[in-house]
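Below you'll find the structures, each written out as structure tokens.
Presented sequentially are two complexes of chain A, the first with chain B as partner and the second with chain C.
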Partner chain A sequence: MRWGLGLTRAAYAIGRQELGSVLTSPMPYVWLSAALALAVFVLDSHLDTIDGLGLGVYADPLIYPIALAGLILGLYLALSASTTITREREAGTLEVLFWTPTSDADLVLGKVLANVVVAAVLAAAVTALLILGALVTGVASRGDLPLAALALLGFLAAMAALGLLLSALAKRVRAAVVILTGIVVLFLSLRVAATVLAALPPEQLSGPMLLLRDGLLVVSAAAGVASPVQHFVWALEALQAQDLSAYLKAGGASIFGLGVSVGLSVLALKLRGVRP
Partner chain B sequence: MKRLLVPLAIALPLLASAVAAQPQSTTQLVYGLNAFDGEGYSAVFSPSDPPNLYLLADNPSVLQVKRTEVYYWPATEQYVPDWGARNEDVEGRLQIRQGSNILHTLQRQPFVLVFPQGSYGPRQLVTGEAAIAAYDERLRLQSEYERALDQFRREHDKWLERARRQGPASEPKPQEPEKPTRVVSKPMQGFVVNLPAGRYSLALVASEGSEIAGSRRELTVLTARRRGIGYRVIPPARWTSPLESYTQRSVIYATGSDSVFVQPMVVQEFNELLYARLKNPQDKTASAARWTWVGGQMEFGRPMQLGGAAGAGRVVASSQYLVEQVEGQRLGYRIVRHTRETLQPHERGFRAYEVPVPASGRIRIALLCGDEVCPASEREIRRVRSHFGILYGLAAVPLVVALGLVVRRRTRSRISTVA
Partner chain C sequence: MAGGRGRPGSRRDVKASDAMIHLEHVSKRYGPVSVAEDIHLRIEAGEAYGLLGPNGAGKTTILRMVLGIERPDTGVVSVLGETPRRSGWAAKRRIGVVGEHQHLYEGLTPREYLRFFAELYGVERPTVRVDAVIDEYGIGSYADRPVRSLSHGMRQKLILARAIAHDPDLLILDEPITGLDARSVRDIRDTLLGLRKAGKTLLLCSHVLSEVERTSTRVGILHRGRMLAEGTLEELTGLFDEERELHVELAQAVDAAWLSAVRGVEGVIGAESEGRDLVCRIRAQGDVRPAVSRALVGAGATVVEMGLRRLSLEEAYLTLTDQVLEGAEKRVGR
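== the complex of A and B ==
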């Protein structure tokens, strides 16, 4: 039986079960606490700087706290989602589940739905704390804070979907975590190397270094197109530049990435099977 | 022999390092620029390599073509001129092309740099006949000042003499004449270039029309991506360390003082690499991927409107402020409104708009262009408070929930084990 959004009763049941499992686990609360503490710390250090001089000039004092809290929560959701299917595969419950009238799509959609709800709760918590922080300290909370919160939600959901894809692909929990860590390190290294080399004037680079720089810039740009982190950064930069069309493009890229991850997860689950 | 060997062993490396520190120089045809940089005029040196020049669009800049000795200075990794060894003007006309079209063929004309606030202040460029007139006027003012100073010294000596004979306060002390602050450089000859944004090439051509070897350069004329009104914000606690607010998004936050001093200025945003090369064509640190804001001419003539609940639509004008040392031997200063419109050479201070900072909430400021608010001139000033205890407390709430969940799990597992 199909419910709204093309979801079956099985998908809803899986989603509800997954959501209950996440919300009754202590880990999301620990990560949320760390993310909130970091956001408050960044805001606190802005005010410390203002206090030191008696004056300060800031365009978007709430953007960095949102970005840093988002990165922590995104990492948590990707890690958590990357173990969700593999854990069931290892325990053998996945095989049992597929004896019932549940399809691959039901399983993936149910888990994505649960993770989107968790992402919404986390994004709402960060936004609420920052709004409260703005009220308490007097820091300007701009009208585009809800847009930043939406960008955060899109990023967290996309990270969860990426984790789910790895979970569908990997045989074991450890493999999924290692692959996720590898991807994060690779993206970060590419980004740092490309940023450093792009900042150097061309005259300072010799022939092979110039080639390496151009190659890295192309690879980094290509990786950026597929990276949820890059979409999140684009969205926040677009908000700072007050460029609504760039914001919508970044949001669209985030949602597209989410859709691709979900589609690939269903496919990977079909191909990989239910046994480790 | 052995006695000679030791000093020789010490002296030889020193001699070698002395030889290494003497750089090789080559004779080059170079360009010297007085380039408008958005704030004033910068002196720029451009050797033959890299063969690129940069100017700001729609503002006059002056180019001089010289032959000089150029050497590489490793400490700064740049080529520098040795004007003492050679400083020759290269004759010819300056031809500016865009593609294959010749846009302008310029003749040299006289120019001077005027420093209205003294040698260390901003510079203005004056060209043509006006340059000669400005220099003559400066000479006239200088000789008038010297005459007045001579007279003052004579009168002062007489006054001292009378005071010695008749006692102090017998008659008022003569007033020393004010030294003219305006400085004008000696007139020089150069090509005045004023072009719209774009890419050009230029070269010096001799009278018979042939291009002078080594004079060709690629010229990039750059323009700002964005313009607006920026503010230099002076903290009363550290008046020598102003902050800048370039865009309307940037909010000015204050904590301690009851007022802040703001100085409006015209601001422009340029590509960082092009702007750095405008100031120094040999710059190797800037990036084409970044943008930089540049503050320009101050805007003290316009009224400032204070808005929001704390401002109530009041309009304020700029004033001169004086920074006074506190009396006694203690360190410290206070900022007071000056009774005069200009500072004396011995006085320290600044011109600014004083804006009250409300005890809570915010105040808006904007410059007025006639009856309207000047575009991109609005800013918000807010007082901030440091109340982070409650925020850190709230950040810890999820941790408490996590602890509660762990305790609940343990309790349940214990009950099930007992059962």
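== the complex of A and C ==
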């Protein structure tokens, strides 16, 4: 039976069950508290600068807090989603779900739906806090906050979908977490190495080092294109540059990434099956 | 009795549309281990079929193939006239399953759990149906407690309720009474007998012979992935009784003259007595009861009751599996 948005009743049921399971666990609140604390810290440091200098000029003072809170919450959602199918696979409940007429797509869509709702709640909480902070402290925003919040939502949903893909692929929870950690570390290492090498003057680099730098820049750029983090950064940069077209492109990339992750998750579940 | 073995390599058409479950020449291996070997199985609507075998015999693998969770390496599986699929197979609305292990969502209450599965099965007005099932299966007293706080018996009752809540035509049960106390076993057995009476088709896998004997109309004996025999209880227990036992209860203690009178009856191999009870070993062919009765009455005895005892399912099962083990030992030259 198909309901709205092309989702089946089974997908809605799975989504609701997953949502209940996430929202009744302490983890989202712990991570949200950490993200909000970081956002408040950054906002406070802006105020300290203003106090010290008497003036602070920012394209939008709320963009950095939202970016840092977003990275923390994105990591949480990816981690949380990366265990959702593997946990059921390990516990044996995944096989029980497939004793019913549920399809692979129902399962993945249900889980994505739940994570998008969690992402919306988290994004709303961060945005609400920043609005409150702006009102209380008098820090002026250029009015980009709704678009930044939307970019945050897209980023969080894309990170959750990426986690879900790993969850569909991995046999065990531990394997999923290790793979996700590996991807994050690899991505960060690439970025740091490429940034360091790019900052060095070409005359300090020998032939092989030049080759390594160019190679790393290409790989880093390619990884960036597929990375939800990069799409989020692009969106925020576009907001700071007041470039709506670039913002929409970044948003489109984020949504496209989410769709690819969902499609690959269905395929991975089909291939991997229900047994650990 | 239907033969348990399929003909390897034969290309018979599978006429499965009228069978609830039909397996034809089905084989499955996990690496070097054969878990199902040329299995042939046909279960008609309304039958209660017991698949009997020890742990590791291949029962669960067959169930997983029936549900589309596993695919056979060779052969054809047909359930409700269709080839089972793991994902999105609509015919699963007509199938209820009780698995070997209690895989539950520990944080949900039974009411939430039943509602969740009612929705997955596409039950109309799931809340109303779940309330009815909770009443019907006596789950009300713990319907709103978390599953993690329930006893093994309560959990098993919940799993059975989940399997039945969408009113399936076919119910598949894998070791449904393992680890349960006597009261829970009785409750579940009563439920299964009720379903059988209601015309539901049951496929019960168990290593508990007495349970299969009580709930099934037809039994398959599975051992090391092979179907050793299949038939009704009568057919299976009649497989090995070249000799049977005739139990006779007399009004008085058995006299030596009565014993010799009975031993003289054609078809009686031997006779022993204890108090008023007389046990005769007789040949399976022919009915010697009238002749034994006449011999005893002629010798002055008064017969109170007389009854034939055939092999139990357990004895038939053990005899069959012993034969397989002996055959294997012979093959390795022991």
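Operating definition for what follows: the second predicted complex is superposed on the first by the 276 of 276 C-alpha atoms of A that agree within 3 Å, B and C clash if a C-alpha of one lies under 4 Å from a C-alpha of the other, contacts with A are read in each partner's own complex, and residues count from 1 in each chain.
What we mean here is this: a contact is a pair of C-beta atoms (placed from the backbone, for glycine too) under 8 Å apart; a residue touches a chain by one contact, two chains touch by 3 or more.
Quantities reported herein were computed from a predicted structural model and do not represent experimental measurements.
Student: Based on the shared chain A superposition, would you classify chain B and chain C as clashing or fitting together?
Tutor: Partners fit side by side after overlay.
Student: Is A:D44 in contact with chain B, with chain C, with both, or with neither (first, second, both, neither)?
Tutor: After superposition on chain A, A:D44 lies in contact with chain B alone.
Student: Given the touch rule stated above, what does A:A10 touch, chain B (first), chain C (second), both, or neither?
Tutor: second
Student: Just chain B (first), just chain C (second), both, or neither: which does A:P101 touch?
Tutor: Touch status of A:P101: second partner only.
Student: Between chain B (first) and chain C (second), which, if any, makes contact with A:T24: first, second, both or neither?
Tutor: It touches chain B and chain C both.
Student: After the superposition on A, what does A:G273 contact: first (chain B), second (chain C), both or neither?
Tutor: After superposition on chain A, A:G273 lies in contact with chain C alone.
Student: Which of the two, chain B or chain C, is in touch with more residues of chain A?
Tutor: Per-residue touch count on chain A favours B.
Student: Under the superposition described above, what is the C-alpha centre angle at chain A formed with chain B and chain C, rounded in steps of 10 degrees?
Tutor: In the superposed arrangement it comes to 170 degrees.
Student: May I ask you to decide whether A:L129 touches chain B, chain C, both, or neither, giving the answer as first, second, both or neither?
Tutor: Only chain B is touched by A:L129; chain C is not.
Student: Let me test your reading of the model: by the given contact rule, A:T93 touches which partner, first (chain B), second (chain C), both or neither?
Tutor: second
Student: Once you lay one complex on the other using chain A, what is the shortest C-alpha distance from chain B to chain C, in Å?
Tutor: After superposing on chain A, chain B and chain C come no closer than 5 Å at C-alpha.
Student: Which residues of chain A are in contact with chain B in one complex and with chain C in the other?
Tutor: 24
Student: Under the definition above, what is the set of chain B residues touching chain A in their complex?
Tutor: My answer: residues 50, 233, 235-238, 241, 243-245, 247, 249-257, 260, 273, 283-287, 289-290, 360-362, 380, 382-388, 390-392, 394-399, 401-403, 405-406.
Student: Flag every residue of chain A that touches chain C in the complex, lowest number first.
Tutor: 1, 9-10, 12-14, 17, 21, 24, 91-93, 95-106, 270, 273-274
Student: Give the list of chain A residues in touch with chain B in this complex.
Tutor: Residues 24-30, 32-33, 36-37, 39-40, 43-44, 47-48, 50-51, 53-61, 125, 129, 132-133, 136-140, 142, 198-201, 203-204, 240, 242 of chain A touch chain B in their complex.
Student: Could you pull out which chain C residues touch chain A in their complex?
Tutor: Touching chain A: residues 67-69, 86-93, 95, 97, 99, 101, 103-105, 107-108, 116-117, 119-122 of chain C.
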